[in-house]
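Here come two complexes built around subunit A, the first alongside subunit B, the second alongside subunit C.
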Partner chain A sequence: MYQIRTLRLLPKNSMGQSWKLATVDYTTAATRPASSGTGTEQTETIVIPKRIQRSPTDLLQSLASTVGRDATAPHFKYSDDPFLIPMSNVAKRTYAMSKEAGRKAAKWIKEEHRELFLHQEAQPAIEKFAPRLIFSEDSEVDEVVLKKLIEQGQLSDAVFVYKLLEEKGVQISKELKQSLLEMVCFFNNQEPLSEEYIEERWFLQNNRRRERGVGKTWKDGDLAENLYASIEPKTPQAYATLIRGMAKYLQCERAYALLQEAGEKEIILDTNTFNAVIQIVSLLKDTAEQRWQLTQDLLQQMAKQQLIPNLGTLNALLECISTFGNFKLARQTSLQVLAEFKELNVSLSLGSYYYLLIIFCRERGPVSHIIVDILNEISGKEFSIQHPKDTYFFATAMDVCRNHLHDKVLAKKVNDLLHTGKNYDLIGDSFKESVYYRHYLALLCQTETVDDFMVTYDLIVPNIYIPEPGIMEEILRSLEINGSVEQIPRIWSDMVIFDHTHRESLLLYVLRIMVDNHRPDNEQLSAQCCQVALDMYQKIEEQTSAAGKRNLRKNFVSFTGQMLGDILTLIVRGGDVNHFEQANEVFNYIDKNQHSIPGTPSDVALQEYVRSCVHHKAPTQSLLVLQYAVENNMESSKLAQIIHQGFTLNEIHLAKLKSLVGDMDSLLLK
Partner chain B sequence: MSFLTKLTPQLALVQSQVSKAALHTSAVCCRVQSGRYRITTKRDRPLTYEMANPPHFIGHRKSWNSWNTSTLKDGLRPSQTAIEDVFIRKFITGTWHALVCSEVIIKRQHNTIRIAGIIRQAISPRKVYFLVGYTEELLSYWLQCPVTLELQTVADKKDVVFKYI
Partner chain C sequence: MLKVSTQLVTTVRSQLLRIAPIQNARVGYLSSQAKDDDGSSSSDDEKSIQKKSGPQPVETAAQRLNRLLGSMATDQYQISPSDFPHPGDASRHRREALKQEAASKDVLTAAKNIASMLGTSESEKRQTESELLSKLLGKSTAETETNKQSKGTEDAGHTESIPNTTDKELNLSELIVGMKIDRRQQPPGPEQTRGDYVRRTLASRSRPMHSDRPARLPQQRKREAESFTGSVNLHGGEPLGIFKKAATKSSAPDLLQTWEHLSQHELSLHASHPPANHFEQLAQWTEQGKVWRFPIDNEQDMIEESIVDFSEHIFLDQHLEPWCPSRGPIRHFMELVCVGLSKNPHVSAQEKKEHILWFRDYFEAKKDLLRDLIEVKNTKSLSV
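Moving on to the complex of A and B:
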């Protein structure tokens, strides 16, 4: 209670500082008597700050700001139980969407059995808990009902009630018609995805973008235009609304025509309407010069109407400039625009920086270091959403860091910015988040030492981000370059969990790293590698047999001779007696299926295996190897030498050896 | 009739006591059965830790199943809370059919209700999440406050068995 009172007294932004100051006072209190002895007597006046009006949630928010994201736990939308923690990207999506599906089911039940949910516990009643009102042909409706529906944003109901009112011949006031027009234009007369379904929104965005390319979605001759026609005389608001609606749903020609019509009638429009039209200039004109001409015309019109450009204008202009094919012109104009807006005291949002990045850092253009300046400007700042494109910044910035400049330090700066304040809210959606981390991890694994990289890897995998197979390949490549075989057991277990074992390229990488980096002194590591190899052998064998039974899974991995040879080598190096039996099993598999397996194990692999046969005193097995080598036209004399020198062979074995490679003495002489 | 005649003297005694002194109203302690489980002949009735401890161990060896402040002095809605808790328990055991293998713990803090329990891993995680979303949402429509489910899972029902009696 005491703390709450103190909090209220403190000025809002200096809350943290005042606490620090208080502790400083406390520590210096002991030294104060000494200093007062010197005669510097000061009468401190206590200034009690004025009471600050706070909202009911301020305290909760300041408490919440002390808690960050815990990377060791799954996101809080998932249950914290081993069985229920998602372990792959697919699972993350499925679980979150299932939960939301359950929520939808409950909502459906509420609407279906509405009579059971009419009770209201709270005072005043909470409308969200009550079932929605149902309107039918003979419900009693009036303007008040329509107004309320528009306020609640229930599009289809509002439209229905409006039609009902029209049928009944009820006069509807102009203001109400205008607000209905605004709603219909905003949603294009289509019921939007409810804001309650955050998961669906989080996972849906990338699908929507694909659909976006289709172009015009505006419904011609639909309710919006009828409403607009029924508003007489035409108000500037009506013009503005319809223009913005058409521009939003890419009915470009008509939006522009309407703007011109309004201009001819000398109707004063507003800045945001012009912004909407500037945004679609790239769809109206084809070449950069024409586009720029048109935007300048529009800006002149704005100036004539004495409209002050705002952030939306800036972003619309930059979007238009970003479509210029000529990068020199684009760079030049964008800098001019920025200078103009600096005069106007418009501060940039993350969306503006996003446009700058795509203007300056193009794949085919020259390298630009604009991101350095941008980061110097904005690092440590906290942003809130001001423009729809603000969420594109972080993914693009990281893309630039990786593909354009290939700069680790910059990437870390971007990452710091992302984790400043509430900036993480601007990451966008699941797709952009994974793009961001994809670039971040790929860049770090190429530029950092393996140990430093693994620190970051441990931090964000798997709860925040799960690498896709492509990124896993990058990581394995960097491990191969650095020869850090110590990390392989760890990475392999992650690969198994993330279901990457169906990618042949990844498996080959893992095997190659383990075979090429043999550490005979480190027995534990060899044993771990042996375990990985055995695990892989079992996994592939399962896949092969499953695919043989039913041809369901298309992309399964099948053994190659090389792969099996590597597995054999690793098992042999693993070292103890049970492993030798497993090595025998693997070799027998090679021997038995030599016609169906493409390629053969390497000579070195067979030699190591034969040496291990010698070590474990298994002459019959070693002769099988020799036979296999001879049958497959491989280098057999070396093998024969190892066998001959390693064993004291009995008659039968000697005869076999002779039949395979001829006289041993002549071989030794060679 | 003979039963009544047998009782008559006692009734008279009771009446005289009532007229003389206050009625003794506390529960008869020697015959309490609730929360206690009878031993079976085969000794094969599985009990969880919670069931194995009779009610007088609440607060010592085990804890309460409903956490709220309605029964404190000046507590609000005592009867409604009790009825709601019964409803929640019935709803959970019915919705999570044959899956719940512990008591359903209901914790109320301010306006939120947290429901905890242990379930079996008999259905896929996907379905678990569906039911979690469904239960949370429907209960919050019914009780008109935020409801959160806090589940733990066990691989086998036997994992929660403390002893057989």
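Moving on to the complex of A and C:
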């Protein structure tokens, strides 16, 4: 017992040493016989590496890095159940948000029925599982509570407690007030989205960007400014806080005015405050020259105050430059800025490269190959987030590859960079991810052979990315150009799953590819095409009848004559006896609804169908076709010829034929 | 896809009937390109033609004609149900077609008719005619312009009939040379589908080129080569020279610590995304403080007790020594209390000590009573 006790009381260092010694003894003893056997006496010193301090999640992260992305499985957040795997972009969002909604509901119950959750099983208690503290008018509060709330980033509670303390007349220390001011300015006195709602953030950020465009969101005369007013005398910190807050929420004029005021009073601010103001220069001045002048003034002020510019300064400068309409000036100044910061040993983040891309690769400017140089510099490197705009790089780079340079090789390089190390963390959110893959797939389908493209397609679709109808059209176009009808059945099944079947242009494309690429030698393919056509026919018919019943859905496809003619052709081509009946069904549909269907099937489609009638010995049906053709002012003589030559017609049929096209002999003479 | 409407109502349209498919085909091609060029090409054509047309009265007439042609080209897109044939229309259409046939025998004569209607002098007629044809066939206007000018000077002194025919032929052949064939539009016949064409060309080529170079790329390459601006030396610019090297110190810490903390937190949220596997999920929970942290330690977060040695939990006799009698029932009782406490993991060492001291105070308070009791007990045992 005593021994154990002394061991425990030993300082940690000595314990480590004794253990180390023991290990060394043991290992040398084990190796000694071997070395003596060879006769060479050498003392190996085994250096035991020092303990590496690891964070609680290091082990988990290294384990996680061994798990690759399985392209055949849905994302981890979705249940791996065939019925619960989302198969369209809408479903992906809905399922993820449903899960989040469940979390929110649970949280709501926890807060609403807090009395049920007061027991704490764990020792020590897990604070995260306990209901949140509620502060009311008569809560016992003091500075310590306020400080803790600020540390936890609970804005609304902190503000409430602050007001309570003020009412009670409790003196609050300057530091605490300053730190509360910082928090209020940072969040603009608006409760931020809880960090737990990771899905909501993943799907939300494109909305937030739209809000940003609205302009000023800073709350004038609100708590932040009251707090600022109550700080006397004004400290540099107070100035810096209010300037940054106003700049962040685009109260540009006042932020700049405050900066000037601070300058007049010769208050030394810090780099990040200047960065915040440089970021909004584009909103302060209108022309590129004025903006650049103001930016230079600000930099001079920084230099005068002996402030060291950092990455934030660089990115703010580049952001300002990217708003220049004059692209020559923009290019020139951006290179100057880069050179300046190279001298200052500031290394670029992905956000800086993003700005360079939007400065150099403009829609209405000359083509620039800057992305090649950027990729040469950064390919194979691993990045971590250093600036909020870092997440914009990949989507923009792929956009440049597709729309600016149209270069497949570059796109692959960008893709490699994305999959280097943990760079995928910087993809941003769901919106940017889908933009990235949209450009990637569209570029590949235009520049690669169909077989190569389908390899990538299989890898990405549907679990990582689901093509939007526009991209599907691009893919179909490339299939058409390459005449690869073999892929159509597969693409069609994807289109059905992704809910693209209500897009008329896509349906027409699919039909056209199948009709134009007839391969009489490949029966299996013809049969597949026939299946696709039948499937499409049924789907549209369902839609039409459903729309007719409810009269609600506007977004449905209705048949056109051309479409039905294509379907008819495909069924005839791929068909055996069973399919001939279905072809009859389709034709009867055309015949019956000819008043409501716009357009007519093509002449060729009808001719092929009539030939098939001849083949299947159905004179009555073929005469129906002829009648339809005559009524609709279509080329009928060819049809009549086929019928006349193909069948030995009885009296009734002959009479009908004569009534439709006149005397057969004159036609034949023609 | 673009269905060529045969119902052209005006006489001009009917006269130009045979050319309409070509024109439509070209328009179709342009429209698919229009996404890229904003459709600027077609409007430019129109403008240049307007500029080049002759004197004032003729110009207005030519403009009207151009407008008509322009509307004809765009009309084809709006497919409304009324555009499609209906069963009753058949005979009416046939009659109309017969009527029109006479006029539409030849495109050239048609164009010539119009030209003669518009112009008075021979050169004007020819000009209008060639403009008309160039508009229809999509010939580049510059070519006709030069051609027309040279022809105009040459033919100035000639007689009417003979040069006119040669001129016309020349114009037409050149027009046809300048025509562009739409690659997207499928030819009408079933034997000549696009797919067949592609397959045939692919087969004939028998893959002599790189398999991953589709037909589109060479053209693209050419465009790039023309506009190649060279690589950009990212760090080769002239520095601004605002920040002097001498001023570089180690960067000062942020003035605002809370702000810094919050922005770091927000930044990390930017890079976070939904966990992709269970390990990431666990890491996320760990960061949120919901599960044990690695390395697992069953005294995690027991901050109060971390400095207390286990012996202080177990060896509680030391608290008895100052006050407890060395033998007797109280000692016995207190030893039992100590054993019980030493086995209790839910109470801190300090609480255990306080518990024992509570007994000390209790016995102190009841000291007299206890003494009496013990005396009574002793006398009883003595008497027995």
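General observations
Keep this in mind: the second predicted complex is superposed on the first by the 616 of 670 C-alpha atoms of A that agree within 3 Å, B and C clash if a C-alpha of one lies under 4 Å from a C-alpha of the other, contacts with A are read in each partner's own complex, and residues count from 1 in each chain.
We adopt the following convention: a contact is a pair of C-beta atoms (placed from the backbone, for glycine too) under 8 Å apart; a residue touches a chain by one contact, two chains touch by 3 or more.
Since we're looking at a predicted model, the values are computed, not measured.
Contacts of A:Ala105 after superposition: subunit B is touched, whereas subunit C is not reached. When both complexes are overlaid on chain A, the residue A:Gln300 reaches subunit C alone and has no touch with subunit B. By the touch criterion defined above, A:Phe129 lies against subunit B and subunit C together after alignment on the C-alpha atoms of chain A.
Taking subunit A as the reference chain, the count of touched residues is higher for C when subunit B and subunit C are set side by side. Of the two partner chains placed by superposition, only subunit B is touched by A:Glu121; subunit C is not.
In the superposition on chain A, contact of A:Val630 is made with subunit C only, not with subunit B.
Contacts of A:Tyr95 after superposition on the shared chain: subunit B is touched, whereas subunit C is not.
Applying the stated contact rule after C-alpha superposition, one finds that A:Phe83 touches subunit B and leaves subunit C untouched. The interface of subunit A with subunit B overlaps its interface with subunit C at residues 96, 126, 129. Those residues of subunit A whose C-beta lies close enough to touch subunit B in the complex are 78-79, 81-84, 86, 91, 94-96, 98-103, 105-107, 109-110, 117, 119-122, 126, 129. Per the touch definition, subunit A reaches subunit C in the complex via residues 5, 8-9, 54, 56-61, 63-64, 67, 69, 75-77, 96, 123-124, 126-129, 150, 153, 178-179, 182-183, 185-187, 195-196, 198-199, 201-202, 236-237, 240-241, 244, 269-273, 296, 299-300, 302-303, 306-310, 332, 334-340, 342-345, 356, 360, 366-370, 372-374, 377, 384-388, 390-391, 405-406, 425-429, 446-449, 452, 480-483, 485, 508, 512-513, 515-518, 561-562, 594-595, 598-600, 604, 608, 630-634. Subunit C contributes residues 1, 3, 79-81, 83-87, 89-90, 93-94, 186, 189-190, 193-196, 198-199, 202, 211-212, 214-217, 220, 224, 227-245, 247-249, 251-252, 254-260, 262-263, 265-284, 286-290, 293-294, 300-303, 309-311, 346 to its touches with subunit A in the complex. Only residues 121, 125-138, 140-145, 149-153, 155 of subunit B touch subunit A when the two sit together in their complex.
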